[in-house]
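Structure first, commentary second.
For reference, chains read A, B, C and D in written order, and residue numbers begin at 1 within each chain.
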Amino acid sequence: MLASVSYNKNIGRFQSVIALLILCITLSLLTDKFFTTANGLNVLRQVAVNICIATGMTLIVLTGGIDLSVGSVLALCGAITAGLLKNGLQFPSADLFVGFTILGAVLAAIIAGALLGLFNGFAITSFKVPPFVATLAMLTIARGLTMLYTGGHPVSNLGESFTYIGTGSLIGIPVPVWIAALVVMLAVFITRKTRLGRYIYAIGGNETAAKLSGIRINRVKLIVYSMGAALAALGGVIVTSRLDSAQPNAGISYELDAIAAVVIGGTSLNGGKGSVWGTVIGAIIIGVLNNGLVLLNVSPFWQQVVKGGVILLAVIVDKAGDKKD
Amino acid sequence: MLASVSYNKNIGRFQSVIALLILCITLSLLTDKFFTTANGLNVLRQVAVNICIATGMTLIVLTGGIDLSVGSVLALCGAITAGLLKNGLQFPSADLFVGFTILGAVLAAIIAGALLGLFNGFAITSFKVPPFVATLAMLTIARGLTMLYTGGHPVSNLGESFTYIGTGSLIGIPVPVWIAALVVMLAVFITRKTRLGRYIYAIGGNETAAKLSGIRINRVKLIVYSMGAALAALGGVIVTSRLDSAQPNAGISYELDAIAAVVIGGTSLNGGKGSVWGTVIGAIIIGVLNNGLVLLNVSPFWQQVVKGGVILLAVIVDKAGDKKD
Amino acid sequence: MLVAKNISKRFSGVTALNGVNLELHPGKVNAIIGENGAGKSTLMKIFSGVHTQYDGEIIYNGQPVKFTSTKSAEQAGIAIIHQELNLVPYLSVAENIFLGREITNSLGILDKKMMKERSAELLKQLNLAVDPGTKIAELKVGQQQLVEIARALYSNASVIIMDEPTSAISDKEVENLFSIIRKLKEEGKTVVYISHKLKELFAIADRYVVLRDGMTISSGNLDVITSDELIQKMTGRKLSFEKTGCTLKDKQELLSVKNISLKHPLLRITKLLNNISFTLSKGEILGLYGLMGAGRTELMETIFGLHPKNSSGEITVNGKDRKIKSPAQAIGAGIALVPEDRKLQGLILSQTVRANISIAVLQKLQRLGFMLNAKKEKELTANYIAGLAIKTSSGNNAAKNLSGGNQQKIVLAKWLATHPKILLLDEPTRGVDINAKAEIYKLMKSLAAEGMGIMMVSSELPEILAVSDRVLVMCEGELTANIPIENATETEILKCAIHKN
Amino acid sequence: KNQDKQTSNKIAVVVSTLNNPWFVFLAETAAAKAKALGYDARIFDSQNNTALESDHFENIIVAGFGAILFNPTDANGSVANVLKAKAAGIPVFCMDREINSADGATSQILSDSYSGAVSIGKYFVRQLNKKGNYVELLGLVGDNNTWARSKGFHSVADNYSGLKMVAQQSADFDRNKAMEVMETILQAHPDIDGVFCGNDAMAMGAYQALVSAGKASNVKVFGFDGAEDVITAISENKVAATGMQFPKVMAETAAQFANEYIKGKRDFPKKIPVAVELVTAGNISDYIAYGKK
């Protein structure tokens, strides 16, 4: 109840913020390395990609859907950018060669992503395949395509100027953070200020009612799944640029991190309830956690245990807010 | 509609069976190695573990929940069996040593599994943590515990008689297949012939109504999550015994295979609708697919693409059955 | 003028409509009446483009039309208030009213302020005192129904279909609705009004069409027909229910409630219930009246153990003190609750009629203490399907396929099967046709005669007066009256129900 | 100043994955050696994810470690990370896997998978007398070691027309997957003479599939790594051969170098190849898991 009231408020559910604060304060007390500008930017740079993906995921989850394919889509589209930058498009038959500018390659990758998402959307809307399966299938397919496209080998050395996307900074703030910020702003705008956003919530809240109100359910879903995959593709571009190399097995199990961010942020997997802001907080919680565990020199095996425990706690704190009988 | 009516019939939704048949016929036409007793048993032996896990998953999904931790639980409990068999329990302090019989070690592992599931259940019922997050946390925690318990090294050479569980045969049929069959029978009995079964469906169908009808929601959920994890543990015992070695990284991403089996079998992730039989078919579809791709020596690159495509098709065939207006 | 030319509609199994013919006149209120399952809602869903597969023809203003979607019907100027609520729980009242037709500014950005204002106006017309920003999930059924009405009113359509618009609201709101309907009439709009409350029909409708088993039985002007004749046409037979005054002689206390209070789930200070005490005797039927939002549902829910954390007070059953902290315990104490909202609280829509009826008594249907006895279950459910005349193709039919009224009967059956000592009914006859109503009243009487204590929440005074032995009245969470039926009158009851301020 | 003092006392061990015992051993030996040399050593698990690896590097730089003992996830993908560390003045010593950057790492102590696979290939050809059907089990298709080993092996095996590869499948370096894939391959090709596996876990899996198919005696299994189970198996004539890498040597050399660097030494050999030795029933007595006796 309480939560549902505050959803339209600026920062989704404030409980997630509290969870985050508790986490940060604890870490600041445990190590002086945590609360520094350098480390702050560090965390932000690291969560930027997950924020992009999780933002798209939020829109999908709000409609009551889910997208498991983001990790593979990220890998495939990362590979596509790299491939186009490096080898362009060759048509040996017509011995034709098309070179790509950085912008061109990036756009191509994002469009490719959108198309993959569209494919998900079609399977879900036209063939009534449950989102979980449709995107699970895509998870496998896109990974396979990545392997086929790269032959299982990374595509590297993509040039200074391309790596700027992932490694550069603008007025002291890393470019990936800028990109993530833009993505979030856009998503917040869509969810709060546009028809589309309204319909996303409506479909997740009560699909029948939405349908009876004349909302074109399928169209909305197609849009949402395309956006989700396009954002995953964007994530792929960032990762690739950051490493100056497209890894065939990049993004494995990223879907879990993204969904975790969404849920920790208080968005209900049944759809209809939640906010992009919440997801951002959720993503940051996960990022801070990973960062903190390393700063505290927790051994890798213990890290997993602690990480799981803290995520659980974060959500419990989070739930503590919505009290009911 | 049609489906929802036929759920209570013997073989869940017959469409999944059709999908399976089509798949088998196609493969029989493509290679003469497929349709042989030997290969049949081979497929069954290989799906046995997934069937155990997916059966437990079905009960959980029917209540409207989900369990992402099965893979890690499988690894941890497999390691526990192996560890107990090999080193028993040592209490250096009291220089006390407790040895374990095979049965003892197996039971211990299954009980450990049930406890992990109980933990999931508590997080979900008492702290209202969404199943997705609670079990996602457990996924990480249990994996971490496995690494800590094994130090990241496999525990091998567990002895002839133990390996019988995974590799032996009874009247020509592999032991794992017998185990899976027993598990399925039990689950079918529970879902179709007992109150617990009815309550599971009721909770998934409409939790409020179920609560108002006097059903002890929390108790049912605790039971279901414990069973799910216990069955994952059983799977862990089988895997360990088959390999005569507990692998710390066993079971990674098994949850996806299990859930895929559940959904391909026609069980709705929203709960309330579905059947154990459907899941069995779903698991076999996946198994046959993996088997066929290798028999046809499809290149590893193409395999994933084909696999994803076929799963999609299977579900589409599957859906084609439930007509609605 | 909207005309239906022998419309037929089949669903897997059932024939809902079988060659229906009717005319709906502009500037008039056209009442569609018929028993549960007669096909009223189905027909309306065809008019409003929900069902697009059907035989027959719709002629609208002289033109044959075929709606391909709800949108196309709406654009043609046909608006509908569905019988079952169709709102988005987590969106606000305003957002729901404007769903699918949001007001946007030149840049395509939502104009929330404008929509809030417009909604506020509409709500004012309907005297619904909630903020347009409130989430639907926080409203009660009655309040939600008013929002549905507001939705339909906003789309200034020329045909407005109301499928049991008053099923969840009380007389006060009904009056507002009627004045609005009259306005619509004057504007020359076609109003279609479906209700099982004859009193209302005679008060507001001009023409009537009677459906029975998916066929048109007759139609005409209401002023030339008596309610008995109408009932005769609907049910195909005469039917009477005579008010029997207080029947029970020796009062033997069954349930006693002392100082029950309930805090608001969020605003801890405000109390939804305030020190409520009363008793219920064996064989007594206690009517509980109040305006919408009086706290009746909360009272029922609290007795049934649904608010363990926020409630206080004692409950004794048969003189024994009972700690009731969960429905399970309530049932254990012999209490049953037929909740207010059958769709959300009463039924598992996706499951069969049989599974729904037996769910609360499964432990009594076991063999060897652990196996369900399918045969027993069949018998049990068959009895109730017959006993309550539930209209379904079979016990295997999914509950969602039944008509509204028949769904209500399933919930009733589920609870009667538990043979409770105390039966709490929250709006038990909502959306139930007169025939079935009469059956339910008879049933209540006979159950009471067997010694069951019954407590019935109702927003229909006639109903309260017809069946109660004693009438409780609530207002703003307080018990304002406790009147023996002998000296209970509509005016007296209403006086106690109206808010003090 | 004080900053340097405390940081110079911390050594980071970044390993591509801990989901594989071989790397666990590599990481733990490196950490152990570093500790022995009086440092506070920490292990970072990149989970085969170069992006996660660069997160680790950033965190390591912020946390101010003195040196990084590095097992790269990918020869090219990890370059950026190494350069980042170098820029921050933290020396990087590569273990086992190389990075394709001339001056990125201070020194690279490398296991030569390719030539290791070549010598296995040669032994394989001899064992099968230049003819017969064989199966290859690949590791993760996205992993560069998978291809180094496969290519090395084929550079030899493909020269003999008598040797026919009837199936090439991936088993993700995983023992269970290898067993299941092998079980199925045996359905299609009951008549094989040899199996070349990209690592020892897969070799054990394949061997177990052969056992349950009753073919263990007439099919020769070849692995790579020198893991405990396979060393035992070779001494019991269950597995034909494996390529022994020396994680202990590599890890300890790297740790030693790091120590010297922190102590002030600067010139290190850019590359130290550590040969992969062929372990067979013949010389098994000289070896233990992950090294020489």
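Simple rule for what comes next: contacts are C-beta pairs under 8 Å (C-beta built on N, C-alpha and C of every residue); 3 or more make two chains touch, one makes a residue touch a chain.
Please read these numbers as outputs of a predicted model, since none were measured by experiment.
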| item | value |
| --- | --- |
| Chain D and chain B - chains in contact with each | A |
| Chain pair whose interface holds the most contacting C-beta pairs | A-B |
| Centre distance in Å when chain A and chain D are each reduced to the mean of their C-alpha atoms | 33 |
| Chain C and chain D: spacing of chain centres that average the CA atoms, whole Å | 71 |
| Chain centre separation in whole Å, for chain C relative to chain B (CA means) | 44 |
| Chain centre separation in whole Å, for chain B relative to chain A (CA means) | 29 |
| In chain D, residues with contacts to at least two other chains | 18, 141 |
| Touching two or more other chains - residue numbers and ranges from chain C | 306 |
| Sites on chain A at which at least two other chains make contact | 147, 152, 300-301, 303 |
| All chain pairs that touch each other | A-B, A-C, A-D, B-C, B-D |
| Sites on chain A touched by chain C in the complex | 1-2, 4-5, 7, 193-195, 198, 201-202, 205-206, 208-215, 272-273, 323-325 |
| Chain D partner contacts - residues on chain B that touch it in the complex | 31, 33, 36, 38-39, 42, 45-46, 147, 151-154, 156-157, 167, 239, 242-245, 247-250, 252, 290-291, 294-295, 297, 299-301, 303 |
| Residue ranges of chain C in contact with chain A within the complex | 50, 69-71, 74, 82, 86-91, 95, 99-102, 104, 108-110, 135, 137-138, 265-266, 306-310 |
| Of all residues in chain B, those that touch chain A in their complex | 68, 123, 127-130, 132-134, 136-141, 143-145, 147-148, 152, 253, 256, 259-260, 263-264, 268-270, 300-309, 311-312, 315-316, 319 |
| Touching residues (chain side chain D, partner chain A) in the complex | 18, 40, 42-45, 48-51, 54-56, 58-60, 62-64, 73-81, 100, 140-144, 146-147 |
